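Presented sequentially are two complexes of chain A, the first with chain B as partner and the second with chain C.
Up next is the complex of A and B:
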């Protein structure tokens, strides 16, 4: 294969894999933003904590991946629930405004970051993907490996499950009703607080695949939390509030753009492309790719 | 006359009364520790390395305190976590100088040193460093002295070795966007050209980068025999090596002392083929002062030390030497006297990590160096570099 074409295709593959990761970290953030008007910065801390839980199980207790994922899921859900009950709902009941909630979420994120650094050290964790990183198409010049395939498949499964949950189940319908109008949902008998609690648990749970992808890919360290949630926020805004498909498309779009721009420019500046794209999009579609226009 | 006697009497009492607490105070102060600031990354990507460096310094402090102290007083390390970030470094410097009243600070990392050097000049605080590699730090302050060779000197050693002994023809450079990275990359390119090598490619990355795959995909299309890495963060170096190996790159990685990091060692066989220049300290074959240090370190921590621990052990003993001499001459031990004493009396210093030849005019140092490689997750001496 011609070298430049191979480079382009490899960058595209890497971009899709990166985009899937972006979509996975964004969807939980997007969910709470849409449903409860919460800028859930602590989501970055939940993802990191889930990653550490999985890492402890695998590296210290030689647990299989499925067991580690299970424990990470429990940890993430408990954290999501605790943050919602202990911070957001309490503050909201006191009449705390948007900035107060944002500050509280940032505070929780920083506390989680420091807590993890104290408990596990600041240096970070990583797991070796081993043979999952061996190219599947040896000799073709393409660097598709089992890890990349697993990332794409996990992302697809997560998003399909979410879409089904939203459209088919009563819980999903309740979430949509609450997101549409809290007061009206309350009047028709939907227990809004309970739905928001459930959504918090769900948002945290869908962060677990992202944590695992990080663990076997670029690794995690406590101080990554803020960067993770910043990326999640950009993707969520880009995709449009309340749009699951929007978050997926936005994640893929940004991931591919960041990766493929390396073909043209110095790689070190590729994150600038993310903010440039966001700026351009907000100029032409302030509501994001698939978000609804403000009424 | 009475008045004069009364005046003399009263004056005498005042003199005695004022002298008494001063003497008592002076006696109490004799036991107070001399504080040495330790402004290093203790958390973050370089936190593990900074903590390791603290081990070396702490061991020396224990030894110094159990053998009479420095200048007749015990020594105390006051830690501040710089996170290798300028802003944290400045905050830590302010606390060490304004609150803890330290006159000498062990510090490191280019971002931090470049931020605090002007403050050190103003406050006449002596900065000593065994972890600042950027040639941009030459002459940054008369109160800054490095005991770690700047990298424009180390590349002059490792690059000819790579070309002649490792057979490297095409070299790629991966530059971290920082003072250190930019200055180091320039030095590498200049020296590689000088030795007649071919620059195969160059890419840059941000300091917080974790995904190097797209960068490496592009860089490795030029099929370099070796890639020179400029990041000072062990975790980042390990990520580059791991991700390059995952992409099938089997070539050589070159770097400097930052490579000697547990994160790189943890890569195991993936890190085979990583070569770097280092001061000539080899824990397994140490002799003299080096052997004394290695034995003491092993006794305290139960494992072999690395060059960074030896360097920071030496910094404490360098301080002790100056403090002893200044106290003997009944001089204060502060930043200015320390600087003057060192520049006048310690052109060379034989420490546990080898011989240091200081240049106080620009704050640099020359040290005998070796080339080391990672083999099976261990850092192994390969050859002497001169």
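Up next is the complex of A and C:
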């Protein structure tokens, strides 16, 4: 019985740390979706690219972690900004419809995925977390290590920072205004395009912690790009439009659900569980757990 | 000569698949990245049932029925949602399908797939070589004609009206639910037909032939040729089947060919949307579904 409990708790811990990762990859995707109705599929590519940048610095140039994060951040922001300016805004001004935007965004994602595969090979990258993987609570049977704590702390810090940014700063207020009503925000003198550009930089920036978590955890492969953005989109839909807390809760919910389901099913079915959850949600409550009904 | 026949056969099979997807994407305005699912159900259905002793034609029809039934899974949410939601649902179904193929080993053979599938035969006469290529293209032209009739029929007109202005069409009393369900049913049945042809042609099916990269390629065929024009879907399928063959003649390091092909697909998707959003054979302004 005690063993069963320990196993369950460990699955729960694993689920929470997975859920944190899901929330991190989803929040950047969500921001652009809320603000500009942009389905930023290329976000998966941005996260992978940031991860590769960090990996190159650490493994080839033995750079310290903070420097690698800094460079990854710059690369992610530049990529996010160029995709926003070069693709999404250009297409918008051409009057491209929903289908065209989705297709273009998918195309950019594929280009990034296979560009990285050609440049660095398809086998993927990973960094050894070393001593951070030793269990902290020896003897208790619980697998809590420094890595897990760091993941949870990073997620908490990122989300608190985002919420503060949204509530306190002028930029955050502008973003909320644009998300609420695009046209009205424009009329009252908010430069909508600038706000969206800023949001796309912010979205890419919050993808960097996710990339680092991936690097030291399950690793990154170019072919993960589409899975990452798929998870991001599912978490975003689950959380509902316009709710940062919703995205966090949705990420944790899906992470824990996946983990605990491993108790009942073979691990190979893990993703099937997420998608079944999504399916039921879309049939029953398309606006998401905490979202407002679509206008 | 055999090489040319092979390319022609594959192009024909993908042309049927692209025609089927065009009904959804081009005429219905419902984006889908699950084309390979119905393609795969047709292929696996045919493979399993002919191995079980059924005649290829009966197996093909059974596969098409199964595909239609499963397409209702996507069609149900598609009644209410569109755009990103529909895209995500179709990707999800696609990924789950791949997972099922890989993990349900007792039926699908897992990653190893199913091999030694008998060639297609009509009335006990096996179709091989050029005969099969002719059969593929005859059936492609037949489906082309049938779909042309479908999109020009009152049903097809309502489908296009829903694409252009759903609320308007509903307020005129058009039946959204039936129209969308039928569109999915027809599209998935035709896709399964293509899948059955593929299984009998290659004599071997495995999960990788039916994963998301295939769905992306088929979507690209439709967008490149011109969504909403059936001739465009066929042209797109021919161009994109020939393209990797042309890339093969470039001097490339080993292992770079496959990613380079995908990279080209991705770049083409972006270029088409930018430069010729209506596709090669599309007319006039871009259809703007959901606008």
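What we mean here is this: the second predicted complex is superposed on the first by the 292 of 295 C-alpha atoms of A that agree within 3 Å, B and C clash if a C-alpha of one lies under 4 Å from a C-alpha of the other, contacts with A are read in each partner's own complex, and residues count from 1 in each chain.
By definition in this document, contacts are C-beta pairs under 8 Å (C-beta built on N, C-alpha and C of every residue); 3 or more make two chains touch, one makes a residue touch a chain.
Bear in mind that the values here come from a model prediction, so they are computed numbers and not experimental data.
> By the touch definition at the top of the document, which applies to A:3: first (chain B), second (chain C), both, or neither?
In the superposed model, A:3 contacts chain B only, not chain C.
> Once the structures are superposed on A, label A:111 by its partner contacts, choosing first (chain B), second (chain C), both or neither.
second
> Given the touch rule stated above, what does A:18 touch, chain B (first), chain C (second), both, or neither?
The first partner, chain B, only.
> Looking at the overlay, does A:224 come into contact with chain B only (first), chain C only (second), both, or neither?
first
> Thinking of the overlay built on chain A, is A:102 touched by chain B (first), by chain C (second), by both, or by neither?
second
> After superposition on the shared chain, which partner residues are touched by A:133: those of chain B (first), chain C (second), both, or neither?
In the superposition, A:133 touches chain B alone.
> Taking the superposition on A as described, I'd like to know which of chain B and chain C A:122 touches: first, second, both or neither.
both
> Touching A:266, do we find chain B (first), chain C (second), both, or neither?
Touch status of A:266: both partners.
> Any idea whether chain B or chain C touches more of chain A?
C
> Could you look at A:81 and tell me whether it touches chain B, chain C, both or neither (first, second, both, neither)?
neither
> For chain A, what residues appear in both contact lists, the one with chain B and the one with chain C?
117, 121-122, 227, 266, 268-269, 271
> Which residues, counting only chain B, touch chain A once they are in their complex?
The touching residues are 42-45, 47-48, 175, 177, 203-206, 208-211, 213-215, 217-219, 221, 235, 239, 242, 246-248, 263.
> Which bits of chain A are touching chain C when the two form their complex?
Result: residues 33, 39, 87, 90-91, 94-104, 106-111, 113-115, 117-118, 121-122, 222, 226-227, 230, 233-234, 237, 266, 268-269, 271-272, 274-276, 278-279, 282-283, 286 of chain A touch chain C.
> In the complex formed with chain A, which residues of chain C make contact?
Going through chain C, the ones touching chain A are 25, 29, 31, 73, 76-77, 80-85, 87-89, 91-93, 95-96, 99-100, 102-103, 212, 216, 219, 223, 227, 255-256, 259-260, 262-263, 265-274, 277, 286-291.
> Please give the residue numbers of chain A that touch chain B in the complex, ascending.
The contact residues of chain A facing chain B are 3, 7, 10-11, 14-15, 18, 117, 121-124, 126, 128-129, 133, 135, 143, 145, 217-219, 221, 223-224, 227, 258-259, 262-263, 266-271.
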